[in-house]
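The chains carry the letters A, B, C and D, assigned in the order they are written, with residues numbered from 1 in each.
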Amino acid sequence: MHWNPDAEADPATLVYTFGGAAPVASLAPGTVLSTWTRDCFGGRVRSTADLASQVCDPRYLNPQTGPFYIEGAEPGDTLVVHFLSIEPRHDWGVSTTVPFFGSLTATGLTAMLHEPLAERTWFYELDLTERLVRYSALDTAFQAELPLDPMHGTVGVAPPLGEVRSSLTPGSWGGNMDTPEMRAGTTCYLGVNVEGALLSLGDGHARQGEGETCGVAVECAMDTVLVVELLKAVPTPWPRLEDDSFIMTTGSARPLEDAFRIAHTELVRWVAELIGLSTLDAYQLVSQAALTPVANVVDTNYTVVAKFPKALLPGVDVMGGLHRRLRATRHGRP
Amino acid sequence: MHWNPDAEADPATLVYTFGGAAPVASLAPGTVLSTWTRDCFGGRVRSTADLASQVCDPRYLNPQTGPFYIEGAEPGDTLVVHFLSIEPRHDWGVSTTVPFFGSLTATGLTAMLHEPLAERTWFYELDLTERLVRYSALDTAFQAELPLDPMHGTVGVAPPLGEVRSSLTPGSWGGNMDTPEMRAGTTCYLGVNVEGALLSLGDGHARQGEGETCGVAVECAMDTVLVVELLKAVPTPWPRLEDDSFIMTTGSARPLEDAFRIAHTELVRWVAELIGLSTLDAYQLVSQAALTPVANVVDTNYTVVAKFPKALLPGVDVMGGLHRRLRATRHGRP
Amino acid sequence: MHWNPDAEADPATLVYTFGGAAPVASLAPGTVLSTWTRDCFGGRVRSTADLASQVCDPRYLNPQTGPFYIEGAEPGDTLVVHFLSIEPRHDWGVSTTVPFFGSLTATGLTAMLHEPLAERTWFYELDLTERLVRYSALDTAFQAELPLDPMHGTVGVAPPLGEVRSSLTPGSWGGNMDTPEMRAGTTCYLGVNVEGALLSLGDGHARQGEGETCGVAVECAMDTVLVVELLKAVPTPWPRLEDDSFIMTTGSARPLEDAFRIAHTELVRWVAELIGLSTLDAYQLVSQAALTPVANVVDTNYTVVAKFPKALLPGVDVMGGLHRRLRATRHGRP
Amino acid sequence: MHWNPDAEADPATLVYTFGGAAPVASLAPGTVLSTWTRDCFGGRVRSTADLASQVCDPRYLNPQTGPFYIEGAEPGDTLVVHFLSIEPRHDWGVSTTVPFFGSLTATGLTAMLHEPLAERTWFYELDLTERLVRYSALDTAFQAELPLDPMHGTVGVAPPLGEVRSSLTPGSWGGNMDTPEMRAGTTCYLGVNVEGALLSLGDGHARQGEGETCGVAVECAMDTVLVVELLKAVPTPWPRLEDDSFIMTTGSARPLEDAFRIAHTELVRWVAELIGLSTLDAYQLVSQAALTPVANVVDTNYTVVAKFPKALLPGVDVMGGLHRRLRATRHGRP
């Protein structure tokens, strides 16, 4: 199915939350969805002369595409989203500093008496053929090419407890996790909290570093093809990911060690269940085998990812082998 | 005006969020409101035999009275709530441990591999004449009397950015700050984020220690009389309090030092503005004069209060002298 | 006994650590010690024109008086220090901002890309008769009088595990806890880690706010009289305090919630032991009765104090009634 | 040069600190040192029947080999340690849980009221030919093979400010950073704080996961060959690493976001200096290019590593090209 957001829509009418918005369409499990997402600035930052604080309304940041109502989804189920392709919609992206936002600056929560760092915008050329992202320094002539690695910063469902959360925040419902692992070829598992799950996505990044240190990746609109599935009566307390090589858990919280603790308790319990290990045996195995890249240290909650190699799970059918099956989905590029 | 919540209402129909609920009544600024609030368990924990995890539905904790629509309130204004009286509605209160909730246990966010601490319920007699709270140990015969000091753990408005937040969470909108300073005689200043402000309150405590260490105070239903006022075009970024002796700021965040930083930057800026000091002179004065009691280290965000003595503000009219004026409001007990 | 530090000593020869220095004198338990301590700047900041970064060597900050070898003290004992009097040695004190030090600024650990806040020095007149501290703003004519409340920021012993720690750091050995509770009339209990304990003290404050927000109190040299005692075979894992009204525990760690957790687990265990309560009954009682002032959010570790009213401990002899006995010690002023 | 620690030495005579010990030998810059290190248990945990709390004295954990006096090293210089080979000394390693130690348990600092997790020991076969580490579950028959990836958890020098720090703690002096990046082929840069630097190393790991979740890696004695160099008048505020593909910075602090902030400010400043970028241009480039693996979330301070690809530094001579030169050092296996 194709869902084509209205490119001319008034920013005030877009969706900036998980939960709290009426679904734009209904998807049956198994549906291949082809759609696109605006960049986090709603397309208003287009050159080094555009400063986010001048061209954007702070109430209208990080617009999401969706929400999509998933037929049959109920609390206690797991929504499965497999990304078939995530491709920049244009040949450019932007990044910026934002006053009092980022990990190496005072913020509204890590409140201090400093003046803000200078606000600047960087413009990136995206070479979709060579699969490169071209960085140009603002203050000198230095240029560099980095690998294109498109991903969604934001994928999530409606939160539990009747909450509605800003699209700037990650948590147990997914949301703004900002992990580079959310790329094409990855399967994302999200616990369902409300009837229909209410899946939304956005915040495309042509690439980002681990931690998203300045708070803003190489932001771009994305053409995305995904397939949704539903695991009935399988709860997923915190978002999980799977690619061909790793199973992954996420934790989003503050301080950062709590995000680590969530991701690793989830990974220990998942590995214990998959292999049939005792909790302590799984704790030991995860302690020696896990990779732990930081995802973001800038959003309202910070996110850590814990990865466990599937090579250590021989013969184990993760989530009923869904990833392998979805990976084989036929699809055309959007 | 009297607002009498329906004592027989189905728990599923009560309000458990800030934002996201239709107002139950409309109040003009200047209105004296007499109402009552349920305890955080909705009245279902009534003896040492009642365990919260058995008698309560986890979706229905901490019901709020309200929301009240404040006439004329718009984003950028400050809602003023002065508590004329807060009195336990009955002669008993309860406290409990709750599995994986509290400051000295693993929790859902500070996630660990421990088994939960034992779940227990303590029953308190409230002596409203002697103004005492009677503690009885469960495992020995020890008893103790503590001063009655009734307060609301939860007072708040609808949050910004279209968010709806659980009544278990404190933040810039107020909410579950759990500070004993929210007692009769205190004025609370809350920034307005949506038209009508949407004031709610609940979570009465016959008393609590600073930090609310086990996560649960001496919980009780409350009869409360308050008066609301409105300061037009006065923004209040984080909740502020005032009593006869102190002006106070609050910060709610994780880690706890960020709650401290918010409260103290707010206090530095407020003192600078009230006295006409430079920021650094105010930073210095606050550094030598402030009291800083911890409010809670148990909720989804932690709360710190910073207090500055009004004795150091001679001749200064805080918020136009509103506290002094509201303090003199005539009222009968509910 | 009198111990008179050499007022003319070369700063390079003073003691700036807990542990790692040879004792200057030996004290038998029961000894009344009369001595004095330098201010944290070693007396080099004397007017608003003196900036710490210009007049002080960063290697020589917070000199301590001591260490004193306590006769008979062995690991596993508790050293008891009761402060009979703490009086400013002169009629002035100073406070400053320090580049990248304090709670509302980026620091070496909370590392950011900001420029430092401006460095300034405030000069305080101390009125020892009226018991007042006189604040004068630097940028306006505002002045204010605050109560004199002299205390030691730093009291401690040699740390465990063979460590030597800077006098800028608090921890289980005491050190730079920066709590205003360390005033005359208070008894401090410190676990002994090495033979002779090696007690040092310094960092006198004419007063400070809770949190010591800018990182520097009203710093002054102090004349101090104290009495030492020894509790054999009584371990004290983290420093404890006692005055006429409260027993108190301390925790020093980062993040601030860990300091809170240490102080409150220690208080729960102490109350359980003193009253003969089960751990959960004590957890409940502390949750309703404790006061929890923040001590410092600026040092290498942050410090929280948890206070429990002695009124709830009727007939209980804390530490064998030592505080009451030491409180009655006869002494002249130094 | 060969330095052969005394295998029969009394544990009480070994070195368990950075700083505070007399050098065992003196090394001229350029020296190739061949030596070996004990495992963190001093060799006392040798089978699944050995529990650390029973067979080890808590005062004698993580013995270090050294310290080595580096000729000519003075404060303000950088000590360079390049690891030519790190090989397990035996064909076995062990890992354990330790009561109240690890990231998914209450600890002495994250103090709680839980009972400790069960103490267990896992025994690993090391296949030095196949380069494998063999895990065996304790409670089931599951076995798994993980890649051998030998490294040193602990490498450091004497700290600044006259401090002596336990070998269990990482910080600006290096120490117990527990990063898997400290493998053969890596060059480590450490700022010198005292004359002679006083290099020590230990805590060999046959491999570890990122975060060292349970607090204990696959611990083993190591045969290690390294070469030392000295960069005069080059300060290094926090330890830096370099391998053939990345330059790396480290931060060790609590909370974990402060470790992240240290590592990333250091990386931003290093990249700015190496390329000649403005600070903001470097902040932007690092934000898109950095990898950020967690090293440990278990020690007294937590450690984060930030990595920047040398592919983005064409023609740049990091530290005068020292890594490339040392990489070519001829050496025999010990």
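Heads up, the rule we're going with is that contacts are C-beta pairs under 8 Å (C-beta built on N, C-alpha and C of every residue); 3 or more make two chains touch, one makes a residue touch a chain.
Since we're looking at a predicted model, the values are computed, not measured.
K.L.:
Please indicate which chain is farthest from chain C, where distance is taken between mean Cα coordinates of the chains.
P.N.:
Of all the other chains, the one whose centre lies farthest from chain C is A.
K.L.:
When I count C-beta pairs in contact, which pair ends up with more: A-C or B-C?
P.N.:
B-C
K.L.:
Where the centres are mean C-alpha positions, what is the separation of chain A from chain B, in Å?
P.N.:
Taking the average C-alpha coordinate of chain A and of chain B, the gap between them is 34 Å.
K.L.:
With centres defined as the mean C-alpha position, give me the chain A-chain C separation in Å.
P.N.:
47
K.L.:
Roughly how many whole angstrom separate the Cα centroids of chain B and chain C?
P.N.:
So the centroids are 33 Å from each other.
K.L.:
Would you please write down the residue numbers of chain C that are in contact with two or more other chains?
P.N.:
Correct list: 104, 110-113, 117, 254-255, 261, 264-265, 268, 280, 283.
K.L.:
So in the complex, the part of chain A that touches chain D is made up of which residues?
P.N.:
Where chain A meets chain D, its residues are 95, 97, 103-104, 117-118, 120, 122, 133, 135, 137-140, 142, 144, 146, 207-218, 254-257, 260-261, 264-265, 268, 275-278, 280-281, 283-294, 297, 302, 304, 306, 312.
K.L.:
Sort out for me which residues of chain B touch chain D in the complex.
P.N.:
Residues of chain B touching chain D: 104-106, 110-115, 117, 255.
K.L.:
Where on chain D is chain C touching in the complex?
P.N.:
Interface residues on chain D, with respect to chain C: 16-17, 19-20, 59, 108-113, 161-166, 168, 251, 253-255, 258, 261-262, 264-266, 268, 279-280, 283.
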